[in-house]
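Working notes, beginning with the structure itself.
Order of writing sets the chain letters: A, B, C and D. Residues in each chain are counted from 1.
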Amino acid sequence: MLTTQVLYALAGCVIVALGLRGALLHASLLQRIVAINVMGAGVFLLLIAVAYRGPGLAPDPVPHALVLTGIVVAVSATALALALARRLHAEQGDD
Amino acid sequence: MNWDAWLPVLVVASSLLPGLVIFFLREGSHRLRTTLNLVGAGLKLVLVGILIWGVFHEHVYESRLTLAPGLDLVLHADTLSVLFVTLSTVLWLVTTVYAIGYLEKAPHRSRFFGFFSLCVSATVGLALAGNLFTFVIFYELLTLATYPLVAHRGTPEAVRGARIYLTYTLGGGMLLLIGTVWLHVLAGPTAFVEGGILSSLPTAYHPQLKMIFLLLIIGLGVKAALVPLHGWLPQAMVAPAPVSALLHAVAVVKAGAFGIVRVVYDVYGVNFADQLGLLTGLGIAAAITIVYGSVMALFQDNLKKRLAYSTVSQVSYIALGTAILGPVGTIGGIVHLVHQGIMKITLFFTAGNYAETLGIHNISEMNGVGRRMPATTLAFTVAALGMIGVPPVAGFVSKWYLGLGALEAGMATWVMPVLVTSSVLNAAYFLPVLYRAWFRDPGPAWPAEHIPAARFETSAALLWPPVVTAMLALAAGVFAAAPYSPLEWATLIAHREYGL
Amino acid sequence: MNPVSLLVFDALLLLSIVGLAWASLATSDIRRGVILFMAFGLVLAVAWGRLLAPDVALAEAAIGAGLSGALLLAAAHTQPRPLPPESTNTPRNHGAVGVVLRWAVTLLCTALAGTLAWALLHVFSSTPHDMLPGAISANLAASGVSNPVTAVLLNFRAYDTLLEMAVLLTAVLGIFTLGQANPGYQPAGPVFDGLVRWLVPVLILTAGYLLWVGAHAPGGAFQAGAMLAAAGVVLRLAGRTRIGLPEGFMLRLVMAAGVGLFLLVGLTLLILGRPFLGYPQAWAGTLILMIETAAMLSIAATLVLAFLGGRPEATGVKAAANRQCEEIPRC
Amino acid sequence: MTDAMIGLVALPLAGALATLLLPRSATAVAIGTGLATTVAAGLLLFGVATQGALHYEIGGWSAGLGIALRADGLSALLLMMTALVVLAASVYASAYFSTVSERARFWPLWLLLWTSLNALFLSGDLFNLYVTLELLGLSAVALASLGGKRAAVAAALRYLLVGLLGSMMFLAGVGLIYAGYGTLDLATLARVVEPGPVAWPALAMMTAGLLLKTALFPLHFWLPPAHASAPAPVSAVLSALVVKAAFYLVLRLWLDVFANVVTPAAANLLGVLGAGAVLWGSWRALQAERLKLLAAYSTVAQLGYLFLFFPLLLALPPGPTRDLAAGGLVMLVLTHGFAKAGLFLAIGIIQQRCGHDTIRELDGTAQRLPATTFAIALAGVALIGLPPSGAFLGKWQLLAGAVETGQWLWLVVTAIGSLLAAAYIFRVIGHAFGHRPYPNQPVTVAREEWPALLLAAMAALVLGLAGAPVWKLLEIGT
């Protein structure tokens, strides 16, 4: 159903824009990390919308694999960012 | 091993390799350093001898290394390059002996002699360059090698002088590079060919060629100390005497002048340059520099500063020679390249001797120095008379040919007055020094007598070099007509340039 | 579900997704933001289901919403209650510059969204390219698994997954260099403890099931690893000191197992003359399962260590010697 | 020879795992792996030189389905440079890090960084490039924050966030390309892609992401603090290689894959940004107080030169002059890689031996470490682009291209940039002529000074004099 793809793709674009805006504007590190995750989710939504072929038909598996890899990469990047933020916060605390 | 391809490289390497080895020598190993220096200088002299003999017999020596498609590093020995190579090799040997004596107990000698040899290798490479691309490479290498020499003493003024020197020369180098690239794009790889190669280009390129000529001359003019670009020369006087001797008599200043000769004769071709009206511009700039240099020299009390300004004016004789159309003017210009080198190095050696032995830096302290150091002052006198143009010293020969050339080329109306005024000015700033040295009574004590008057007036290594170069200056004047003399060689060059 | 009601469902789903995304970024309190982000993740998982991407839905729920949320909450927890001024939600520069900056950025983002939408509309108007999905279904039989996504992940584009495991390993090594783990949580109350006693075995069982089922149905190493990690996180939250993580060399071995086995299989195949990571058809299934098991263990260990936030506090005797040796250089 | 390609990725990865599992003998294992990988890089370079571009389908699946590794002249050269720089920095690092725990944490991340660089230069698949970029970003951040000091952690965090933003933009572009053309393989894409509403936004997004990662002028704010506060061997590799990887991708996309999509106007935009980078970077380097900041800003400036080539390469019709310009670009990339790595290593020695690297108080230090000062001077010569260095040939081609296509602005910018570079390099060398007595032993710390000297000499002498084969290699296109 063409309209489903278009609807979800447009939602994806909006979420990417929201994420980017949040990442650029927010001052606090944690909210910037959340914003980047939201932007990532938006891009994944685009990819899966592209893979969708219609209600009964089998979707294209390649974007699914890409998004899976993307999610794992995103979580590892977030983990490292949070550890850095925590260490920075700990350093700020004592000096 | 095919000898013709390797000789130019060997000539450059004979000072490069000892230099690199000296860099890593420990400070204390004097004897090894001295032997390395002298062996290098001696070997180079032998190799250059073979080069002279070969080129005289129309033998072609060329070594070529492709750095990039269309860009070759070419070392090619032709008549003009051999002249400059001989000059720098002979004077390097003499200056090395002098430097060993001069830097007796100074620090950082490994570094000094390392860069000293690099500097000479750059000069020789520049002289042997077969195309404009190689010339630019060695031109920049020369800047890099001489910067540490000028800043050698490490005093704040030395570092400041070196920085000014660098600003001028790197700026000039950049303009030269842009001009060369522009020329390369228009005319392809610009090899040095007697008679020039640009005359065949379509007339549409002529305005661009004029612009390129301006860029090249400004780039070279910085090192040749043409008037607006000469500011670094007096500042670089903070360098030790052997450095200012080699720099201002042989290496840096001559590189600029030699570059101008190359560009006018072997890139543009003198007739094509004249057709574009470039020579008059060059001539005027040279004339202004000659007069300006001499006038400024009048007001300098510091001996080395006065010699520096005299160099500024003397080097422009070479530029003036190239600006005079016709073989005789060319001979005058090219032979002055050698004569000025020999005479100026004698003057700097003697100035170094006065500073090192008696602590004399200014002319006002030179009263009666002739009695205390007769041999050095005699050498100073010979060289000074040569500078003025008094026969039989070499200076007279080049001025004679310049005047004759100007008459023949019909440019006498403004060249002769310039020559006459500059000779008068030369006399004005050299004769009082001679008078003060010989006929005034010395003061109660010398400013700082380091070396007592033993058997010789100063240490042997300091005394003999100026005497030798003074005799060379005399010989170049007296035996000017002998075969293999600078004048004969310059005539050979001029004939080949003009295709006579 | 007739098309009209499907459209209504889609509209509602998308509205809630975009609304949650906007809300999680608009709040000033970081905790509210993180919780809203987790809700956003869960609703997004529903959207993946709607778009017939079950594997991704599982991963999104387990990793995207679950573990990322847990990591973010743990980090938000360490923020002192009254937020220091410089990290408030409203951007730093409130003055005119701030407004202009905000408008400029908003304009930039809408422009970006516009170009993306314009390009995608153009794509959707033309016929979709089925060259690659066609090739996958053709070669699915030779890939050793019947679930196309697992086939792509672990056979056709196995090299991507190898590098992705390396990314995970890098992240945890980076976290290790930053220092020791966070202090633990206080022991759980009876209710939570009871829940944990039941939940952890179930989580481990589902992890095993997901690993096995991945070959022919949605599931696989990543989802299973996330489940196992969830078990570890729950134990950690219940204040347990031993949460199933090995120590010292064994821990490093488990961390490196995922990438190590993958590389080992690839290189042995290369030595046997086959292309790098080119499983022979007969062995493909078992090889993939072997790699997935190692990958599951590595992913679980990595995600738990990430939640710990640093090098785990070594408890055993050998660990004490290890720590003592750490301090003396040249040991 | 295709096994060399696999070796280039598998060896450092295996080395990373080995150093993780055997922390005690981590240094020996790491140096061993380094040598093996360098041999593999040499074999690959030899293979490409003799047999032309190499192509390897991983898992035996045809390019559309699986992932293909590709090695043409450009990537073989970059791989060789990466191998030499990382090997030299590894030897340096083995003496730089003193405690066992520091080394145990350093080596695995170091070899993972090397794996990501090799994988990136070899990859022929768009999504695979995304994963390698991510691996590169994360390992670089982890290494940069190794020092653990506040400045290093803060800079590393900003670097990570910027990197993530860049990767997300890149992934959006990749998604668009897959949506529009149904393939991720660069070779097939190059045949299929045509200018249109899908290609332009996708390329714009990918380029924006990559410009963030390569720190081109307006987006360079994160680079100086990150490179200046990282440990010496790390900042050497960050400046010399990591930012180059993102630039390599922009080059590959613009001139190879999207060749017919790219418009001269877009290239001119890159050129203007590059010019801005040259001037701004050089100006800030001139005012930098610390040597490391100077080197970091000099990286920003040198990257500017690389982007100046884009308007030239697009204006020149395909032919010998364009190949010459492309060769000049690669020569600049290689020379800057070696020179900047040598410079950072030398600065690391000064910082370790004298406790500070503020330029003003360098008088004494430059005397006590003459070999280090000589390395800085050699690297400086290569950064300015003075003759014996490869950068001179690179700048010559840049100037020649500017004259050929009549784009005089780039010529003026290059001239000013080189003079500014000379100013800030000789400001540092000027301090070498202090009053201290000359130490008897010129090389004080062999294991640290030789890598720095060899890298700087490679840039300033070897590439300059023996650079001709670079042009021959570049004719071997994909």
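Basically, a residue touches a chain if its C-beta (ideal position, glycine included) is under 8 Å from a C-beta of that chain, and two chains touch if they have at least 3 such contacts.
All values reported here derive from a predicted model rather than from experimental measurement.
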Leading the contact tally is the pair A-C
Centroid of subunit B to centroid of subunit D, CA atoms only: how many Å? 43
I'd like to verify one number: the distance from the centre of subunit C to the centre of subunit D, where each centre is the average of its C-alpha atoms, in whole angstrom. 31
Find the geometric centre of each of subunit A and subunit D from their Cα atoms only, then give the gap between the two centres in Å, rounded to an integer. 29
Chain-centre distance (mean CA atoms) for subunit A and subunit C, in whole Å, is 12
Note the residues in subunit A that touch 2 or more other chains, in rising order. 16, 19-20, 29, 33, 46, 50, 62, 69, 73, 76-77, 80, 84-85, 87
Hunt down the residues of subunit C that sit against at least two other chains at once, touch-wise. 112, 116, 120, 123, 128, 130, 132, 136, 157, 160, 164, 167, 170-171, 174, 178-179
Among line, ring, star, complete and other, which one matches the pattern of chain touches? other
Run through the chains and report each pair that touches. A-C, A-D, B-D, C-D
Please name which positions on subunit A make contact with subunit D in the complex. 16, 19-20, 23, 29, 32-33, 36, 39-40, 43, 46-47, 50, 62-63, 66, 69-70, 73, 76-77, 80-81, 84-85, 87-88, 91-92, 95
Tell me, which parts of subunit D touch subunit A in their complex? 127, 131, 134, 137-138, 141-142, 145, 148-150, 153-154, 156-157, 160-161, 164-165, 168, 171-172, 175-176, 178-179, 184
Can you tell me which positions in subunit C touch subunit A when the two form their complex? 3, 6-7, 10-11, 14, 17-18, 21-22, 24-25, 30, 33-34, 37, 40-41, 44, 47-48, 51-53, 55-56, 59-60, 63-64, 67-68, 71-72, 74-76, 78-79, 83, 86-89, 91-92, 101-102, 105-106, 108-110, 112-114, 116-117, 120-121, 123-124, 128, 130, 132-133, 136-137, 148-149, 151-153, 157, 160-161, 164, 167-168, 170-172, 174-175, 178-179, 182, 220, 222, 299, 302-303, 306, 309-310
Any idea which subunit C residues touch subunit D in the complex? 112, 115-116, 118-120, 122-123, 128-132, 135-136, 139, 155-160, 163-164, 166-167, 169-171, 173-174, 176-179, 249, 252-253, 255-256, 259-260, 263, 266-267, 270, 274-279, 325-326, 329-331
Spell out the residues on subunit D that touch subunit C in their complex, using ranges where they run on. 3, 6, 10, 13-14, 16-17, 20-21, 56-62, 64-67, 98-101, 105, 108-109, 112, 115-116, 119, 127-128, 131-132, 134-135, 138-139, 141-142, 145-146, 148, 153, 172, 176, 179-183, 196-198, 201-202, 204-205
